[in-house]
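Each of the next two complexes has chain A plus one more chain, namely chain B in the first and chain C in the second.
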Partner chain A sequence: MNIKINHLSYTYPSNQPFKEDALSDINASIKSNDFVAIIGQTGSGKSTLIQNLNGLLIPTTGQVEIEDYIIKKKVKLKNIKQLRKKIGIVFQFPEYQLFEENVEKDILFGPKNFGFNEKQLAGLAKKVLEEVGLDETFLKKSPFELSGGEKRRVAIAGILAFDPEVLIVDEPTAGLDPQTANKIMELFYNLYKKQHKTIILVTHQMEDVLKYANHVMALKNGKLEAYTTPFRLFNDEKLMSHLQIEMPLILKIAKETKKKYPDLDLSKVKDIDSFVMQLKDVI
Partner chain B sequence: MMSNVTLGKYIPNNTFFHRLDPRCKLLLLFIFMITIFINIGMIGYITLGLVMIVCFILSKISLFTVIKSLKPMWFMMVFILVINLIVVKTGTPWHIGKITIYSNAIFNTLKIAYRLVLLISTSTIFTATTKPLDITIAIEDLFAFLKPIVNVHILSMMISIALRFIPTILDETNRIMKAQASRGVDFVHGKLKEKAKSITSLIIPLFVSAFARSDELANAMEARSYNPYAKRSRYRKLKWRIKDSIILILSIILLAGFITLAVTHLANNWNGFIFDWIRGWFK
Partner chain C sequence: MSAIKFENVNFGYHNQNLIIEDLNLEIKRGKYTVLLGHNGSGKSTIAKLAIGLLECKKGSIFVDDILLNEENLNKIRSKVAIVFQNPDNQFIGATVRDDMAFGLENKCVDTNLMDGIIEEYASKVNMQKFLDAEPTNLSGGQKQRVAIAGVLAMQPDILILDEATSMLDPVGKKEIFEVIKDLKQKRSDMTILSITHNIDEALFADEIIILNNGKVVKVGNPSEILYDNELLTKNALEAPFIVQLEESLNKAGIKVKQTLDVKELVKQL
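So, the complex of A and B:
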């Protein structure tokens, strides 16, 4: 599933005479099986952008092309349900969308809406629950008696259950403890690596951008300021100060280390483990 | 779709009406509502309509806002018209094809419609020119005489909190709708059973988060030692000016005039019910 964004602008409908674009003239394309991070400060248009990708919002001008689907103003989208089945969005704080009496029903809610048959549904809840790291004892529990982290995982399982080709996640680790956050990020990375899904990650965590993403989109005031690789972004100090982001700590350490060991390959430093590996090579 | 709600929205401005004391405006609202429900005859209604137009001009509310706030009325109007057409069998009969329509059915409906327009217009002027917080203070002040029986402060606090949460809950609704739409819920189309299901998927999370929010708010208030039974001083003080008194006296004179008009127009009995009821009072 290639996603093509052409001259996309979006303005929220309002009665105010003075309107400001939430997004203005975004051009980008996301290839199949890519891991893209979207960064930008609060209010920079990240969430608006992802909602334009599955027809929740329709671009004010410009269009989004996804295979045969063209999301454009005044053109009625045929079969919007199928589009949403292919592009799953995990919203910020997804635990607030749980409503069924038990976890199993809630996970199967999406697949049922998308017309999965009995055979496809059998064992599905258990399977996706295992993917997110919860065992089958959770199936019959009420979603409201779970802890915050468990709820979040159940909600993510509810999206994974209908097997979207593109998974868009909006700050999936916000408000979680580091351990759970790590597990959830690993989960998305595995979906990308093993199941070859396209992952679009909206995040404020520059460490995650460095570690997982292949490409990074940087938004500021509704404009796409950069669409590049994390390595290039973190080496462009002018751009970083313009976007008001900080370099991940591990990269800072690696840069300092490079002064002593000039052979160190910074482009391969993604996290602590890869840094240690690189360091072993040069020492 | 949620941002289109205009009924009951405060429109910031600095007009004559905005500067009036909220207590005065609340009293005016009562007076006008009483007047509207008295049968004041054709001349009375036209006068009242003119007064209302003057009020609109003074409060600088755009005609568009008024028309928009009248929108929810249409369904009710059609309903009343249908009932009237079936029930009312007086006046001149008109034959349209095989159906016979009586003139009074139409006139009655028009009369009710006119009253409703007046009613909604008055409340629109009131809410558009008065801050929600001021409304609650006004309520607290005006109902102070009830203090020995009920705790007026608790009531006004509840109202102000409820008003405060309307936009929050609308935002929340929007958010949950989008999340569920991403899971394949269609809020617009579908059979009745599917629709019921889609509404449940919205209502339950909405309630859960509303309860969670109120719990948090209650804790936050208690953490700041809020005690509804304690004697409280007030940060915001209302100031009653001479113009408030003048406007109030003028309105009372208008009301008295209309009541006299109604009583003297006993013979002109063109809407029995409320009128008979009022007449009963004077016997």
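So, the complex of A and C:
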């Protein structure tokens, strides 16, 4: 399912004197089964952009095309429920959206709302809980007894439960401990790799961009400054300093090491393990 | 002298299992303490207990050597300020300015001085342009900046930060960290308790406390803790990047000597 963003601008309604475009004239398309990272400083428009992708916000000007759906001002969006079933968003701090009396009910809320029948619902909560690394003892727990990291995983399970084609995740690992964060990132990567989902990841973690993403969109002050591959981005010093981002440390180290071992293939360096493997080959 | 002291504290929600059992913990006055632990280890619960948002089932908690109970609660809260992980949970004002004023009003700050203080602290976190904005229209990271400015302006004796910069980009994190470090330098009596997963921040702490399943498993200074990969991994934490890289290199048969300096490491390769 391809997403086409045409001349998208968005301004938040406000009575305030300062009124700036949160997004201005964004043009981009995201192909099916891609892993795209959206980066940019806080306030650059990342979260606003993703909310324009499933009709939670409607572009002030311009439009978003997703298959037959056109999200545009003054055009009534037909069958918006189906669109939202296809594009699942995991928001920042999704754990604050938990509200049911137990984890199972919370997970099944989305699927029920999208009209899943009894047969489809049977065993579903248990299955998605397993995907996020929680066992079935969690089914009957109240969301309020869970820790922050567990709540986050339950909230993600609630989105996985209705099996969206496109998964948009907004800083899914903020505030999680490193081991839980790694597990969650591996989960999204597997959904992309094995189940061929499209993943759109909003993140500040350049290490994750390097390791997981095929493409990267860089926003600054509401403008799309670059839409490229992580490798190209991290080799463009001018662009990086313009965007005020830092190269992942592993790539910095690899670049230094390449001075001594010119055969080192930088394009294959994604994390510590791949760097060590490349290095072993040339040493 | 302790800023916060837990003595044999038990806590659990409702009738559920105890999250914290027989906890003894001391946050020293005037120090920068970092509390590390996996999600669910009880870090945020400790913060909430320390400011009396939650009540312990057993044991005693002292803040600035005052016993935390109903009678002393207001006295204690006037000393402590906290920034929660999700800034949405602590906005009250209709504009950023109102929001920051709320805390100051509660501290009975002279209204003539208030505007100056608000502008000073908003500038420190680079939010001076947004004073008349509605908090709901700000981005996650901007909200965190405002929440931090709000509590810093109150000049608390004890500052608790619960993953307070989790939504900022790395450059923004560094910026806020510098502001806090600067403030600490100017007020050596201020106690900071930071709950974080950011191992780089822990490098600058006076003391690190590691928590696992509601228990203190280790207290020490950064050099005692951060290079102990085994200890960290066992407690669901991660060693600093360079320690991980060295281990991975050595495992692959590329022998390197332990160092904390990236340049030094590259030279060895």
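Here are some notes:
To be clear about the criterion, the second predicted complex is superposed on the first by the 280 of 283 C-alpha atoms of A that agree within 3 Å, B and C clash if a C-alpha of one lies under 4 Å from a C-alpha of the other, contacts with A are read in each partner's own complex, and residues count from 1 in each chain.
The definition used in the following text is that contacts are C-beta pairs under 8 Å (C-beta built on N, C-alpha and C of every residue); 3 or more make two chains touch, one makes a residue touch a chain.
In this text the structure is predicted, and so the values were computed from the model without any measurement.
Annotation for the three-chain superposition on chain A: chain B and chain C clash.
In the superposition on chain A, A:Q41 makes contact with chain C only, while chain B stays out of contact range.
Looking at the shared chain after the overlay, A:L249 reaches chain C, while chain B stays out of its contact range. Of the two partner chains, chain B is the only one touched by A:G88; chain C is not. Of the two partner chains, chain C is the only one touched by A:T257; chain B is not. Contacts of A:K127 after superposition: neither chain B nor chain C is touched. Look at A:N113: by the touch rule set out above, it reaches chain B but stays clear of chain C. In the superposition on chain A, contact of A:G149 is made with chain C only, not with chain B.
By the touch criterion defined above, A:K72 lies against neither chain B nor chain C after alignment on the C-alpha atoms of chain A. In the superposed model, C is the one of chain B and chain C that contacts more residues of chain A. In the superposition on chain A, A:A174 makes contact with chain C only, while chain B stays out of contact range. Touched by chain B in one complex and by chain C in the other are residues 12, 14, 96, 144 of chain A.
Listing the residues of chain A that touch chain B in their complex gives 12-15, 51, 54, 56, 81, 84-85, 88-89, 91, 94, 96-99, 109-110, 113-114, 144, 158-159, 162. The touching residues of chain A, counted against chain C in their complex, run 12, 14, 16-18, 40-44, 46-47, 92-93, 96, 144-150, 152, 171, 174-181, 204, 206, 244-246, 249-250, 252-253, 256-257, 260, 272-273, 275-277, 279-280, 283. Contacts from chain C toward chain A in the complex involve residues 13-14, 16, 37-41, 44, 85-86, 88, 129, 132-134, 137-142, 144-145, 163, 166-172, 197, 199, 236-238, 241, 244-245, 248-249, 251-254, 262-263, 265-266, 269.
Residues of chain B touching chain A in their complex: 3, 6, 172, 175-176, 178-186, 200-201, 204-205, 208-209.
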